[in-house]
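Dropping the structures in below, format is structure tokens.
Across the two complexes that follow, chain A remains constant while its partner is chain B and subsequently chain C.
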Partner chain A sequence: MTNQIKTDFDKVIKYLKPPKENINLRKKSLNKFINLGFPQKKEEDWKFFDLNQIISSNIKDLKFFDKELFDKKNKILIPKNALPFKLFEHNKIIIANGAVHTIDFRYEDLKKINITNTAKNQSSNTNHSLAYLNSAFTTNYLKIIIKKNYSLNKPVILYNFTNEKITSTNINQRLDIVLEDNSRLNLINLFTDYSSDNFININHEFKVGKDSILKNYKIDDKENSNIKYFYNNIDLDQNSLVENFILSSGSKFIKNEINCNLQAKYASAFVSGIINLDGAKQHEIKTNINHLAENTKSYQLIKSVLNENSKGIFQGKIFVDSIAQKTNGYQLSKALLLNENAEFDGKPELEIYADDVKCSHGSTSGSLDENSIFYLMSRGLNHKEAKKLLINGFLLDVVEKITDLEIKKLIKEIIGVSE
Partner chain B sequence: MLNIDNLYAKIDKKAILNGLSLKIKPGEVHAVMGPNGSGKSTLANILSGKQGYEISGNVSYENKNLFDLAIEERAHKGLFLAFQYPLEIPGVNTSNFLKTSLNAIRKSNGKKELDALEFLKIVKEKASKLKMDEKILNRQLNVGFSGGEKKKNEILQMSLIEPKMAILDETDSGLDIDALKIVANGVNTLRNKERSFLIITHYQRLLDYIKPDFVHVLMKGKIAKSGCMELAEELEKVGYEKL
Partner chain C sequence: MREKELEKLKEYKYGFSTDIESIKAPKGLNEEVIKFISNIKNEPKWLLDWRLKAYERLKILKEPDWQKPKYPKIDYQNLYYYSAPKSFKEKPKNLDDLDPKLLETYKKLGIPLQEQKRLNNIAVDAVFDSVSVATTFKEKLTEKGIIFCSISEAIQKHPDLVKRYLGSVIPITDHYFATLNSAVFTDGSFVYIPEGVRCPMELSTYFRINASDTGQFERTLIIADKGSYVSYLEGCTAPMRDENQLHAANVELIALDDAEIKYSTVQNWYPGDKDGKGGIYNFVTKRGLCKGKNSKISWTQVETGSAITWKYPSCILKGDNSSGEFYSIAITNNHQKADTGTKMIHLGKNTKSKIISKGISAGFADNTYRGLVDISRNANNSRNYTQCDSLLIGNKCGAHTVPYIKNKNLFSNIEHEATTSKISDDQLFYCNQRGLNQEEAVSLIVNGFCKEVLQQLPMEFAVEAQKLVGISLEGSVG
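So, the complex of A and B:
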């Protein structure tokens, strides 16, 4: 891999032409990545998701450069049917094969939004190997600042689109969003993959200012054979709130990692998610909720439905700093295993250094209750319908956590859950 | 309607039913009484298709072998069991469940499925007859329902489905006297020349309101004695042991 990655790196620099000091940052990142390599299962955070092994057994030819991407004449066409469902009015960011394709904030006051799109990337909030890989190769450094006191009129949908023409097998994407004080943003990440067997490495970093609200919904629903790592860092200021929802079901492999730093009092973080898998898919949600100030609150609810020989993983951590008194932290994970070959790995963690806190966690896994199936069937439902109704019921309370009604409706439509 | 002939049932090698025979004709109401562990609920479970029993003997329903029918097919063909312990199904809206159930049965009988409005009209009417709070329809199925609400919900389902043969498994247990009357009234309203009932109970009190045509005493997995309402009254006085 080392020779390939170095050659590809030189090509990326040649075509991308970033400013000189940025080349140095990228070079440093590259070297760090080469030293560290892909995460492996011997690392605690990756013990259920051996990325190194997953990549080596699923991607034959790991390549980091895509010439097409830099050819301006070759603007990537996005098929009209790329989105199977009807969507509400929204602003758009389209990332195609890892590069910014469209930015369209047609519903907003553009004086209130500052968008930078450059090749000159910034260093990341985290220092694990994938962040280095990201900062060595990412094509665009996209940064969006929502100005003070501005609430977006419509949600933003960030389309992560890939097509079959892509020649690189690795895509890196970086986005930073700053919500200045008292601002609001609803952001939806929608994966639409037409590529296969790629490793997609995404790093989104958020700063949520005082009294601001960020709602972020991630939808990975379209069937694809890609491997994804989606990292989020979210810094929360006083009295700010983040609502995060993950629908994890389309990719062959995906690890969603959410790092929330509740840095000032009255900040709160809500993370909920659904892992709904079939085949041999393997999905992980990993959270680090760091309570770093007094009176902060967090709530996590993850539900997994695992068919065939799929594998679901939830590693959820609540950390409470010694100064973070009056913390309220909650975490619950439930998994439904529908096949004896399905697997669920859960690792709940509480690390608490303050004494006046309220923290709890729970984790259960099991199969569908036979008596409930019998009850429903005795009312005329066949086995399949009874099972569907029970799974529906199992998932409904997570979907109900979504506070944006349009998005709640969309998610219900996607997973076929009704009330 | 229902003809049970020499029915034996075992669970984990333990014999529960030992040659039970019972014949129910259209329009008849039969009560089966018996002490704890006599096999009453097993009988109800086997008739509605619960798995896990080792069974021998014959049961015919409308002149067909009942054991050839899958659980849901029995429901489609008009067999209904009101559960002793109705299950709590989190996340499943009661009204939605009732509609799904009713439409599954209607569909299998070649009838038009009801749309949301048609269904709502019917279910509200039936619920009010049972003096059920309409709000219950929007709650999760049986979740957090009181004992009485759960049992009334079973009777509500029965009155929506209008089965040909209804089995009530200890529907009276856990009911106060007012609820008991309402439940009995729910059954009596459905009584007609074609519809049959099998009412399983410990006590006479439900039978005071329903007035069965026949009363059977189930002991050690078979019918020990059959008679009419007087038998229930006698049992109430002397208990099962004297039989």
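So, the complex of A and C:
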């Protein structure tokens, strides 16, 4: 792999032509990645999701360079029939095969939004190997700043497309969003993959200012054989609020990692997620909620429905610093196993250093309740309908946590649940 | 001077040491020392080979470092691996031959070894440093066919049983400390309950570390044959010393068809002084195998002592319909650290397990629950219920919960819940108002918090444990 990655890196630099000081940063990141390699089972955070093994057994030869990406004439076709168009008006950012294709904020006051799109990327705050891989190879460094006291009129949808023409097997994407004080943003990440056997490595970092609200939704629904690692770092300032929702069901392998730092008082973070799998899919949601100041609050709800040979994983951690008194932390994970070959692994973790806190977590896993099925069947439903209704109710619980009505409707339609 | 000593003893009343001459193996860990131990205990060749095999394995193993409590590196070459009172060169035939100093020690500890004190119906095996001192109530147990003796004696008298079961639950290829124990274990208890026998009394072992610079490596093996029942208690203390001492024991339980083993521990090794100086490193491996159908193993532990406690009493539920239970109270104060929990490995069908863990942290202490529940593909209709509650007293301490949950079976259910909180001001106020002072109130509330676990202890132990809970938290409030 080492030779391949080095020659590909030189090609990327040749075509991308980043500024000189940036080449150094990228080189440093590359070397760090080569040293560390892909994360393995031996590392505690990757215990249930051995990325190194997954990549070596699913991707025949790793290639990090795609020439077409730099060919300006080559237009990538974007399917216009995506679902949200029918439902509501929205701003668009289109990212195709990892490169920024369109940025369209037609509903907003552009003086209030500052968008930078450059090849000169910034190093990430995190120091795991995939973040280094990302900063070595990303083609675009996209940074969006929402100015003080501005609330976006319409939600922003970030379309992530990959097509079958792609020649590299690794895509890296980086986005930084800063919400200045008292601003507001609804962001939807929508994944539509036509490529196969790709490793997609996404790094989104958010800074949420005082009194600001960020709603961040991720929808991965389209059937594909890619491997995704989606890393989110969210820093929250005083009295800010973040709502996260993850729908994880389309790709073959996904690991979603959310890192929330509640850095000032009255900040709150909500994370809810659905893992809905069939086939031999393997998805993980990992959360790190760090309560670093007084009077902060967090709430997590993750539900998994596991069919066939799939495997669902939830690793959630609530960390409470010794100064973070009056913390309120809650976490619940529920998993439904629907096939004898399905598996659920969980690690709900609490690490607490302050005494005046209320923290709890719960985790259950098992199959559908036979009594409930019996009840429904005695009311005239057949077994299949009864099962469907119960799963519908099980998932609806999470969807109801979404506070934005338009997006709630969109997600309901995608999953196919109804009230 | 004397006053100072008295003051010190108030903190940990078992902190005295007995001035007794002892025979020690040469310092250090090497083949010679292992041969020395094996030789002095007059062991058969197979056991020596077994020990040496473990030692070979130990050379490749690395000390684990993933745990929460970190400790300075232990110099394994600077330890004595065998220490026995000199008067033990010839093993005394009965209690009258015992060194009076030893009897005095156990009297101070409140362990009734002498005949007249055997009022409460408990058979005791006392282990002093590396050797078993005395086993009481032998005749009565022999009548029923129960074997209760030190493991050294069992190796001589019942080699078949020992050979068959030793290492069958904790193999010599296990982790670092378990393998170390296999190589250098000195003594411990051996229990065999024959088919269909219900042990008429509680069996108990009392461990005492006395000599300095020694590690204590005892090995306990309990076998419950078909349809039998035994309740086993374990208690431990050590003198107050400024250096850290290592205690790495292995406990193996085997329950055959329809058998039940109840294993209770009140661990009160010396926890170190207020500034975290000294204390015992308690790195123990305890594992039970529910080998037969309908068998049951229940672990109850009250962990109040030791500078660092690092143990996970586990159940391997191999037989169909077998069940495992784990009840734990871990109290850490001052600079103590505890990383404890359990592993429930469900292999058989219809297996059940229950975990109740209560962690209390005060002062600068850290308390971690770490557990694994693993339901394998074939373990149909299995169930697990886990409850971990933590209580924090003060804002310099920490409480952590790290459960691992693995469910591979469609027909099985796992439930886990955990909470962390502090003693509420309302509760304290209520108690204060009724005339209790702050410390009494805390002790009362903590005892209530632990009640579910304390109830599982045999009566004699429950009283002691309840007091211990109060003492361990003394000085942590106000």
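Annotations for the structure displayed:
Just so we're on the same page, the second predicted complex is superposed on the first by the 413 of 419 C-alpha atoms of A that agree within 3 Å, B and C clash if a C-alpha of one lies under 4 Å from a C-alpha of the other, contacts with A are read in each partner's own complex, and residues count from 1 in each chain.
The definition used in the following text is that contacts are C-beta pairs under 8 Å (C-beta built on N, C-alpha and C of every residue); 3 or more make two chains touch, one makes a residue touch a chain.
All figures in this text were calculated on a predicted structure; none of them were measured in a lab.
When both complexes are overlaid on chain A, chain B and chain C end up sitting side by side without clashing.
Between chain B and chain C, the partner in contact with more residues of chain A is C.
By the touch criterion defined above, A:Lys63 reaches neither chain B nor chain C. Once the two complexes are overlaid on the shared chain, A:Glu44 sits against chain C while remaining clear of chain B.
Of the two partner chains, chain C is the only one touched by A:Asp355; chain B is not. Using the contact criterion defined above for the overlaid structures, shared-chain residue A:Asp397 touches chain B, although it does not reach chain C. Of the two partner chains, chain B is the only one that A:Glu385 touches; chain C does not reach it.
By the touch criterion defined above, A:Tyr375 lies against chain B but remains apart from chain C after alignment on the C-alpha atoms of chain A.
Applying the stated contact rule after C-alpha superposition, one finds that A:Ser363 touches chain C and leaves chain B untouched.
Looking at the shared chain after the overlay, A:Asn339 reaches chain C, while chain B stays out of its contact range. Superposition on the common chain A brings chain B within a closest Cα-Cα distance of 15 Å of chain C.
Taken together, the two structures place no residue of chain A in contact with chain B in one case and with chain C in the other.
Touching chain B in their complex are the following residues of chain A: 369-372, 374-383, 385, 389-390, 392-397, 418-419. Across the interface of their complex, chain A is touched by residues 66, 377, 390, 392-422 of chain C.
Taken in their complex, chain B has these residues touching chain A: 48-51, 70-72, 74-76, 80-81, 83, 86-87, 89-93, 96-97, 100-102, 104-105, 108, 140-141, 157, 161.
By the touch criterion stated above, chain A contacts chain C in their complex at residues 44, 322, 325, 335, 337-340, 342-367.
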